[in-house]
Structures are given as C-alpha cells and as structure tokens.
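Two complexes are shown next, each including subunit A; its partner changes from subunit B in the first to subunit C in the second.
This part shows the complex of A and B:
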C-alpha cells in the first residue's frame, strides 16, 4: 500500500545534521536564530499549520505558473492594458515600483530561515518560502517588462530600489530592518505574521478585487496568485509565536506591536491612496478603511488574540489613524507629485467627494477644506500654489511626512533628543518605537537630514528631484490634468465673486 | 446546514473561520462541501466577486471526500492552495481533511 504524506511527514521533517566539527551555538548563532533565552527542546513543539512536501510544492507551483502565464499572454495580446483607466494604472506603477524588490529582499530573509531557523521543520519550510519569493520577483519583473513599451514607469519595478526616491527610501528602510537585518524569530513576528499574514492581504487580495473590477484581469490574477504563496509561508510565523508565548510573551507582544504600527503607516501610503483615490469610483469594491477592518481587525487581530496576545496599547490611536492617515498621505503625495514616479489621481471630483463623505464622515472637515484651497487655486490658474517649493519634514522612524498620521488638527510635535541630536516623529507611537531601541534607528537619516547635510546638490527642489532619479518621462503629475477641478469652477465664481471669468487650468 | 450569503458591507462575526477562495467552480464546490462537513453549523458566504469567504463559527472542516463529491472529479486537498489566497483562523492540514479553528 502506498504511503500518504501524513504517514511519513512527521519523520521527514525532523531529519537534521548531527554536528561533529562545531558546536551548535557556532552553527546556529543566537543573533541569527533569534532563539536566545528559549530552551532548545521548546522547538519540539513547533508544529506547522500548513504541511508541504517538495513533491507537492513543485506540482502546485507549476500549476500556478501555468495559470498566471496563460492569462498574461492572452491579455497582453488582446490590448486590455490600453483600455484601462489611467487612474487605476497609476496604482500598478506604484505597486511594481515599491513591491518588486521587496519580494527580492524576502528571498534573502527566507534563505536565512532555511539556514538558521532554530528547528529543521522551519528550515525545510524556509526553502519553499525562498522559492516563493524568487517567483514573486520574477512575476513582477515579467509583468512590468511586458508593459514597458506602454509606459517607462514600469522600468521602476527594477529601478526604484536603486534610486533615492523618498517613498521608496521609506519602504526600503522598513524592509531592510525587518527582513534583511532581523533574526529569524523577529522576522517571523514582523514579516511572516504582521506583513504577510496581515497587511499583504490588503494589497494582494483586496486590491486584487479592485483591479478585477477595473478590468485589469492580468494584474489581479498575478496579485492573488502571489498571495496563495504568502498565505502558506506566512503560517510559519504562528508556531514560532506559540513557542515565544510559552517562553517570552513580552517579546512577542512588543515585536508585533512595533511591526503593526510601522506596517499600518506604510500601507496607508501605498494602498490607501490606490484604493480610495486612484481606483475609479464606480469600480471600488470597498473603502480602504472597510478593507482594513475586514482583513486587519477582523481577520488578523482576532487570530493573535487566540494566541493570548493583547491588542497593541495604541489601538485607539490606530483606529483614529485609520480614519485619517491615508487621506493625509494622499494629500501630501499629490501635492509633492513631482517627487513621485507615478501619476496620482486627486480623486476629489464631486462624485468622488460624495463617496468619501459616505465612507468617512469626518473627511470634509479634515481634508475637504484643504482640497477646496487646491481646487480654487487650480481654477484660478495659480498652479504654483498647488506645487511644493521645499521638501516635507520627515519622521525619523517611518521616514514618512510629519503630520500625516492623524487628522489635520493633530499637529502636536513628537520629539526627543538622543546623543545630542533632535529627532522628530509623526506620532507618539513612532516615538515609542524609537525609544525601545534608539541605537537601531538613530543612524537612519531621512531625505531632509541628507539635504541639510549637503548631500543633495543643488540645494533646491530641482536638486532634490535630480538626486531622487526622477526624470521628466516618469515624474508625477495629476493623472487627469486637473479635469476634475473644472466642475467646481462655477462654484468658485459664485462664492468668490471676483473670480468670475478666471480661466480654468488646462484650458 | 444553512448557507447564509452576507451583503458585502455587513460586519463579519469575528469568530468566523474558514477559507477564502478565488471565485469560480472550486469556490462553489467548497461552499457545498463545507456545508456537508459541518452539519450543525451555519455556513457564512461572503462573495466579493474576485474572492469568496466560506466560513463557519469557531471551527470549519473540509474533507477530501466531500469536496470530491461536490466537485465531481478527483482532487487532492493540497491543490486547494492554488486558489486559496487567504484563510481566516488557525489551520491544520492533513491529506484527507483541512480544519480551520480558534482555540479561544
């Protein structure tokens, strides 16, 4: 009788080297395993939720690849891309530029797990994770290469992480920390659990639903195929969490709370604007906040409770940020649009504002009034008032603009002095993260630090754009050439009186 | 074993567990199989067009036998991964049965 996988799995997963020439601590140093303080026997309880054999893996991945490639080839030939809404297309530029090389960084992280993880069970699964992330990098590169003839912005799938574009630097800063520099246990908490089990669902499942509604079947299919791998290999975080909860629950709670806030801020930047502003309003499945409540609060946080974890201490502040943070980031990124490598949609036409008001009851008071100023300036032809002359002040933890975490009314400074230097933060939570381990973050310089340090020449916005690698063919501008402002022109004339007859920008 | 389809904007019970499947033939078969494998539970289905949540409360079983029956062709549970971009709850995978669950 043929054995099934369950008959031999528990034997095979414990196959391991017996070390003769080095001691265990040399072969598996604690600064790579992250297992310091956890008894070696504790890892015997590491029980993977998602069993995988190499035979299964190869068969399934082959099927997945065939599926993605078949859809891709058919759609590239059919000219579907040319028919997509340019607002939606901007979301795919943003995704490819900020995600492709993160997938590549994850190859290194998973490789570390398959070499240094504290149990052979985890090391075996690390091999599959490493192959998964290689696949994701190659999928993104192939997708972008196919579309490069339509738009040079797809070149940024490979190029972005070799530039100093400020948003890309913020992404690199976070993933350098939790993927490339973290030991296995911390990477499991921050990346496997928080990013892969939590936040990538927002980008790869929820945004995939928006992409499908927008008619971008090729990208939607790619995203959800990638997430089928993530859903599997993210699971290696849970048995690691189980061990940590037995032996060092405080470390688990802290690692997850730090990673959760930093992820939330980053996805407010990457996914929030794409969902609530770039995706055409009639094609949006749900709001960013609704997707976050579904995937992060209901889906992700609930399972952490099951392992005995408490919600992060800043939960109320997170919920406030959920109402506001991505709106602030969107307003900021649109205003600093020459510093982007994609073309953002302002997303504040009358129909879009009605949708925003319904989804976010405080939107008009917090953000609508600021957009009114932008609209008045656009319609009055004062375009210089809608563009930046300087760089924004950035948080010394998240590398994101100060004032972008909560509502526009919450601008209290969060600052501290460490080793004689003043550090500023976008929130009290980011400051708390810094204070937990200041040596880890103190040397990270923001774009503004580098500007003040004279590394960016000439010291002007133009010099900054040059330093960021932003060339005219990719530099951001309003994707609809301000057409959305025209429907407000009559209103401006009526209310302001003196503005009657002012030409509308773009005409 | 009622199957309840929720409106997309309806809040989900936080105790629900189970797979999230890409829309299509397999998702339909999983709904019917989960209903058969969890006879005392209400099966909650949330269809978001691109993906479908198939959940029951606290524990959700899916057996190979039921899935093959409702799919109408040979199948292996490991293949589920190809069309399962996510799932809610803890998971235990065996050749003949997947179980999603919460302990608390």
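This part shows the complex of A and C:
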C-alpha cells in the first residue's frame, strides 16, 4: 500500500538512541544544545510546527528555482535594471551587501541545530533549514553577479563581510552572536523567532512590495521567493519557546527581550532608510513605522501574550525609538556617506518632507531642523560642513553611533565601567542588555576602539576608509548629487531677493 | 526624488567577483555561487570578543588543526553541485524511487517477500534509520567548521542526503510493518541498533566520531571511515544481498541511494587529495588520523557483514568486497588503508 507522509513521518523522527560509548553531555554539550536545566524528557513535547518530506521539498524547490531563474534571466536581458530609479537601486545594494552573507551564516546555524539540537525532530528540520539558506545565499549571489556589469556595488554581496566597513561589522557582530556563537535554544529564540519570523518580513515583504512598485520585478520576485522558505523554517522557534515556557520561562523572556531590541536597532539601520528615504516617494507602500507596527510589533505582542510572557520593560522606549531611530541612522549614514558602499538618497525634497511629516508628526522638530542645516550648507557651497572629519563614537552593544536610538532631544549618555574599561551605549536598553551578560560583550572592540588602539592607519578618515575597504568606484555619495537641495535655494533666493549667486553643490 | 532628473550611476561594471583576482578564465556558475563565503577566517573568527563560545570553539577545534592549507578556497567539489542542481538531481532521483514504489506496490511485492528476505530487511535494513541519523549529524559537523564554502556546501548536500535516506527507510519500514505485522518492523529497530552484536562496532564508530570535534580528525573519521564503511556495507553490499534474496524493490531503492553515497565518496577523495597536495606534511597527518580510526572501521565491516550475509562464505565475500572498495577509495585519496 502506498503511504501518505503522515503514515511514515513518526517513524522517521524516531531516531534518537541512548549513547553507550560516549558521554551524552560530551556528544551534546550544553554550550551548543542550550538544554542546560531542561529535563531531557521535556524535548519529547517538541512538535514540528510543519512537516515536510524530502521528496516534496526537492520537487517544490526545484519548481521555485526554475521560476525565479527564468524571470531573472528575462529581466536581466531586457535591461530593466538600467531603467530603475537610482535612489531605489541603493536599497538593493544595501540589501545584498548586508544580507547575502547572513544567509550563508544561517546555513551554519541550521547546521548547528542539525548536529546539536536537543531533539532529533529539530535536528532533522535543521536539514531543510540548511538547504533553504543555501538557496538564499546562492539566489543573492546569482542576482548580484548578473548585475555586476552594471554596477560594481553588487560585488559587495560577496565581498562585504571580508571588509571592515562599519555597518557590515555591526551586522556581523549581531549575527555572529545570535547565529554562530549562541546555543541552539537561544538561536531559536533570537534568530528563528525574533529575526526570521518577525523582522525579516520588513526585508522580504515590505521591501518586496516597494521594489515591485519601483519596477524592480527581478529583486521583488527574489525577495518574495525567499520569503516562502523563511515563513516555513522560521516556525522552528515556536516549539522551542513552548518547551522553555514549561521549564525556564524567565530565560525565554530575557532571550526574546534582548533579541527584539537588538533586531529593532539593526533593522532601523538596514531597512528604515531604504523604506522611508531611498524608495521613490510616490512608490512607497507603507512607512517603516507603519510596517513595523502592523507586521512586527503587533505580531510580537501577540506571541508574548499567547505564550504568557510580559511586554519588555523597555516598551515605551522602544516606541520612542520606533519614531526616531531609523531617521537618526539615515541622517548618520547620509552624513558619513563616504563610509558606505551604496549611494544614499537624502530623501528630504519638499514632497518627501511632506510625506515624512504626515507619517511622523515629530519629524520636522526632531530631524527637519538638522536637515535644514545640511541644506543651507549644501546651497551655500559649504560641502565640507556636510561631510565627516572623523568617525562617530559607537555603542559597545549595537555598534551603532551613540545618539542614534532616539531623537536629538534624548542624548543623555549611558556608560558604565566594567573590569576597568569604560563602555558606552546608545540607550539605557542597550546598557541593560550588556549588564545581563557582560562577559559576552565586554571582550569585543568597536571600530572606534580599534581606531584609538592604532590599528587603523593613518589615523584619519582617509585611513578609516582604506581600512574599511572602500574604494572610489563604490564609495557612497549623494545619489542625486544634491539636486534636491535646489528647490530650497530657489526659496531662499525669492525670500531674500539677493542670493542669486549662491552656488549649488553638484553643479 | 522623482521630480528631478537623476544622473545615471557611472557604469564601471565588473565581469565577475573582484576577489577571484586574475582567474584567467570565466568562472563556472558553481564557482560564482560558492566562492569565498567563509567570513570567519580572521582572528578572532567571529566579530565578538575572543573568549565567547563561538570563538573558543573555532579556535580550539578548527584553527588548531594540523592540516596546512594555504588556500582552502582552491578546493572544488568534483560534482560542482549548486542548490539548483541539487534539488533538480534529487527530484529526479525521488521521482524514480516514487515510480519504483508505485510499480512494486501494484505488483504486490511486499506480501510476496520470502522469509529470508524479511529477516534481512528487519535486521539490517530497517535499523539503518538510526545509522542515517548519525551520519546526518556527522555530516553537519563537517559542514559547520569547514574552512571553505566549497567544502561546507558539499557537506551541506551530503547532510541532506542522509535525511533522504532516513525518510526513505521510514517509508519502507512502515510499508513492511503493514504488510507483515508481528515481525517487529517499526518497533524493533532501536533494540537491534543498540543490542544486536553485529551492529555494535558500527554504532560505536558513529558514537565515537560524534565526539571527534577537532575538524581535521572529524573529516578523516566521517569522510574516510564512517561514511564510506557504512555506505559500502549498508547500501552497496546490502542491496546486492537483498536482490539475491528476492527483495527486489529494496535492492533497487538502495542502489539509488548509493548514488548519493558515490557523490559523497568523490567529495571525500577530492578533499583528502586536495589536503595531501596542499602541503608535503599533510599526508602524514591524514595517514596518522586514518591509522587511528581504521581499526574501528575494520571491526564495523567484520561484524556488519554478519547482519545480512547468507552464510560464512558470503560473510567473507562481503568483508572482502567492502574492504577492497574502502581501500580503493583511500588509495584514490593518496593514502593507505592499514590492514585489519
């Protein structure tokens, strides 16, 4: 009699055995399983959130691969890329440079689960995770390689994580931690549940929608196809959370609270500017905040409630950061644009500001005034005032600039001394994360630590750029060459009536 | 910014990844999709403090290895498997197996299995799902510490092959349990794997290999000993025996799974040869590790042959054939299999 999957599945996961020749604690060490303090029998309650057979997997994935490849080849040939808005294109440079290697890191994380997860059910699902993440890596690489002839910035899909570019180092620091150093249980909380099930929706749903609206069908199609895999394997976190809630709910609360804050800060950097500034204003589907609230925040609150967990203590601070953090990161990245491998769009033309005011009622007061200074400097030809002379101070937890978590009205320093060394943080929340487990974070040296330590030579911005691997052909500059500032120059001229000779940068 | 005419980005495009350097030829699709993706070659390996869990593990178990290899990314999987080619190849393989299952089911194959075949299926085939899971864990470990994405990616596909094997065996075991209730299909495999004396050397080999955490030693243990021994014995030799005993369906299924094993063996041989050729001192290191693991492999072959061989002559034949093929693989790798 031919069988359905459920007929044989139970047997396929009945593959654990009692080890006789080696100690179980050596074969499944707690530093990788994360199962310390959880009774071995507890893992019998770990039920797969989805079932998939190898047979169905290879059939379905083969079809998906053929589909994406066919669309991609047709679009690359038709020259669609060359017709895209350059502001939008920066979003795909940023995505490929900061995400492609993370996909590959995820192969290794899934592999760790495949080897060390405390139940064979999870270990076997890890295999599909390994395959999925291999797919995403290779999709990103193929996409980027196909476009190399149009733009050398796509080289960074492959190259970024071999450089010291500061933004990439921030991404690497976070994912090296929660994917490659964390035990399986924590990786499931931080990566599967928080990042993959939550935050990556911003990349793979929101950016996909924006990309489609911008006419970038190739990239949109790739993101959407990746999302179909993520939506499946991200569910790995739920049964693990279930087990933790039975045996160590405090650990679940802490792991999720830490991961949520760190993810929120990172995605403010990776996706916030792309959604609210790089995507052409008439093509934006939702603001970053709107998308976060609908897809990430509500969703996270629901998970916490469903599993009997409390909202993080810092919830009010998070909501304040949601209003501001990505605007701060955008202003910061635009100002430090020579340290980027993509060309950011300032995104503050009058029409764009109107959109920003509507979406963020506090934007003008918190950010508009700062952009006004930039605009005045640009229009007065004082370009040196719009560019950095040195590197920003960085948070010892998030690796993001100090002052970038909230608005210009919230710049109180957050510092502590640990083992004789001074640590600085972008927020009280980041400081709290550090204090939970100082040994985990204290040994790391930020870009600024290395700069002060003399590792970056010459000790100047130029030396920093060299150290970061930024070459002239990819180094960031304003994508529209400051053309957006002209409409403000015209305004000043009209009002003052005497400023006709003010030079406009980029001309 | 749609109300201004934007300058086009300057086009100074590249033909391929700049990090290929001067390759002197167009890279293959496999190379484009696999090259240079290990980002942990620095010191510390991870962008974290030097004493965190991940960095300590890599330092102790990967970076302390005795293989001297100037450029790990010079390795190539002989089959050049990419994700796309893997799922396509395996979909074809699974379609073939699906066809076998349907055809033999229609012919009433399981009900007609002779008693001798059923014994072999219960004792030797069905418990292999535990072995398969062990090989899956071992393969995943080879992947996660691999110093090159070319090595790691081949190990990823090898890991996935093991899940294919486990699920195929679960399918067949369930079918056999339904066709022949009372013979222990689906219920007796764990006891066989843990207690049948003929399984024990192989189980011991798997368990010991699980805790061989130093990556250079783990590669030798998994790729040159455990995996080839297990596959030559319980795919190739067992398929032959099942065919002779009248279990035609399982013989054909195992022959198909053995194609995955053959790919793994090509990878193992290529990897060992690559290491041997990378530095004159490596061969002795590989040989030393192999010498340490080979006796356990020989024991696994010697006892494992008794799981399914028809008689004493057959035991000798299975042992000789598996050992010969294993030795051939080791020789291809540029090493020598020590005698039993």
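Note that in this section the second predicted complex is superposed on the first by the 495 of 507 C-alpha atoms of A that agree within 3 Å, B and C clash if a C-alpha of one lies under 4 Å from a C-alpha of the other, contacts with A are read in each partner's own complex, and residues count from 1 in each chain.
Keep this in mind: a contact is a pair of C-beta atoms (placed from the backbone, for glycine too) under 8 Å apart; a residue touches a chain by one contact, two chains touch by 3 or more.
Everything quoted here is computed from the prediction, not taken from an experiment.
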Combined model on subunit A: subunit C and subunit B, fit or clash: fit
Subunit B versus subunit C as contact partner of A:370, first or second or both or neither: neither
Partner chain(s) touched by A:466 [first = subunit B, second = subunit C, both, neither]: neither
First (subunit B), second (subunit C), both or neither touched by A:65: second
Greater subunit A contact set [subunit C / subunit B]: C
Which of subunit B and subunit C A:15 touches, first, second, both or neither: second
Which of subunit B and subunit C A:228 touches, first, second, both or neither: first
Subunit B versus subunit C as contact partner of A:30, first or second or both or neither: neither
Once both complexes are placed on the shared chain, angle at subunit A toward subunit B and subunit C, C-alpha, multiple of 10 degrees: 80
Partner chain in contact with A:305 - subunit B first, subunit C second, else both or neither: first
Subunit C versus subunit B - closest C-alpha approach in the superposed model, Å: 14
List of subunit A residues in touch with subunit B within their complex: 4-6, 49-52, 56, 60, 63-64, 67, 201, 204-205, 208-209, 212-213, 220, 224-225, 227-228, 230-232, 235, 238, 285-286, 290, 293-295, 298-299, 302-303, 305-306, 308
Contact footprint of subunit A on subunit C as seen in their complex: 1-19, 29, 32-37, 39-40, 46-55, 57, 82-84, 86-88, 90-91, 94-95, 97-98, 101-102, 105, 129-130, 132-133, 136-137, 140-141, 143-144, 149, 152-153, 156, 159-160, 162-164, 166-171, 173-175, 178-179, 186, 190, 193-194, 203-204, 207-208, 210-211
Complex interface listing, subunit B residues touching subunit A: 8-9, 11-12, 14-15, 20, 22, 48-51, 78-79, 81-96, 102-104
Subunit C-facing residues of subunit A, complex: 1-3, 7-9, 11-12, 14-23, 26-27, 31, 53-55, 57-59, 61-62, 65, 69, 82, 85-87, 89, 101, 104-105, 107-108, 111-112, 114-115, 120, 123-124, 126-127, 130-131, 134-135, 137-138, 141-142, 145, 148-152, 155, 158-159, 161-162, 169, 172-173, 176-177, 180-183, 280-282, 343, 345, 347, 349, 351-352, 439-444, 473, 479-481, 483-484, 486
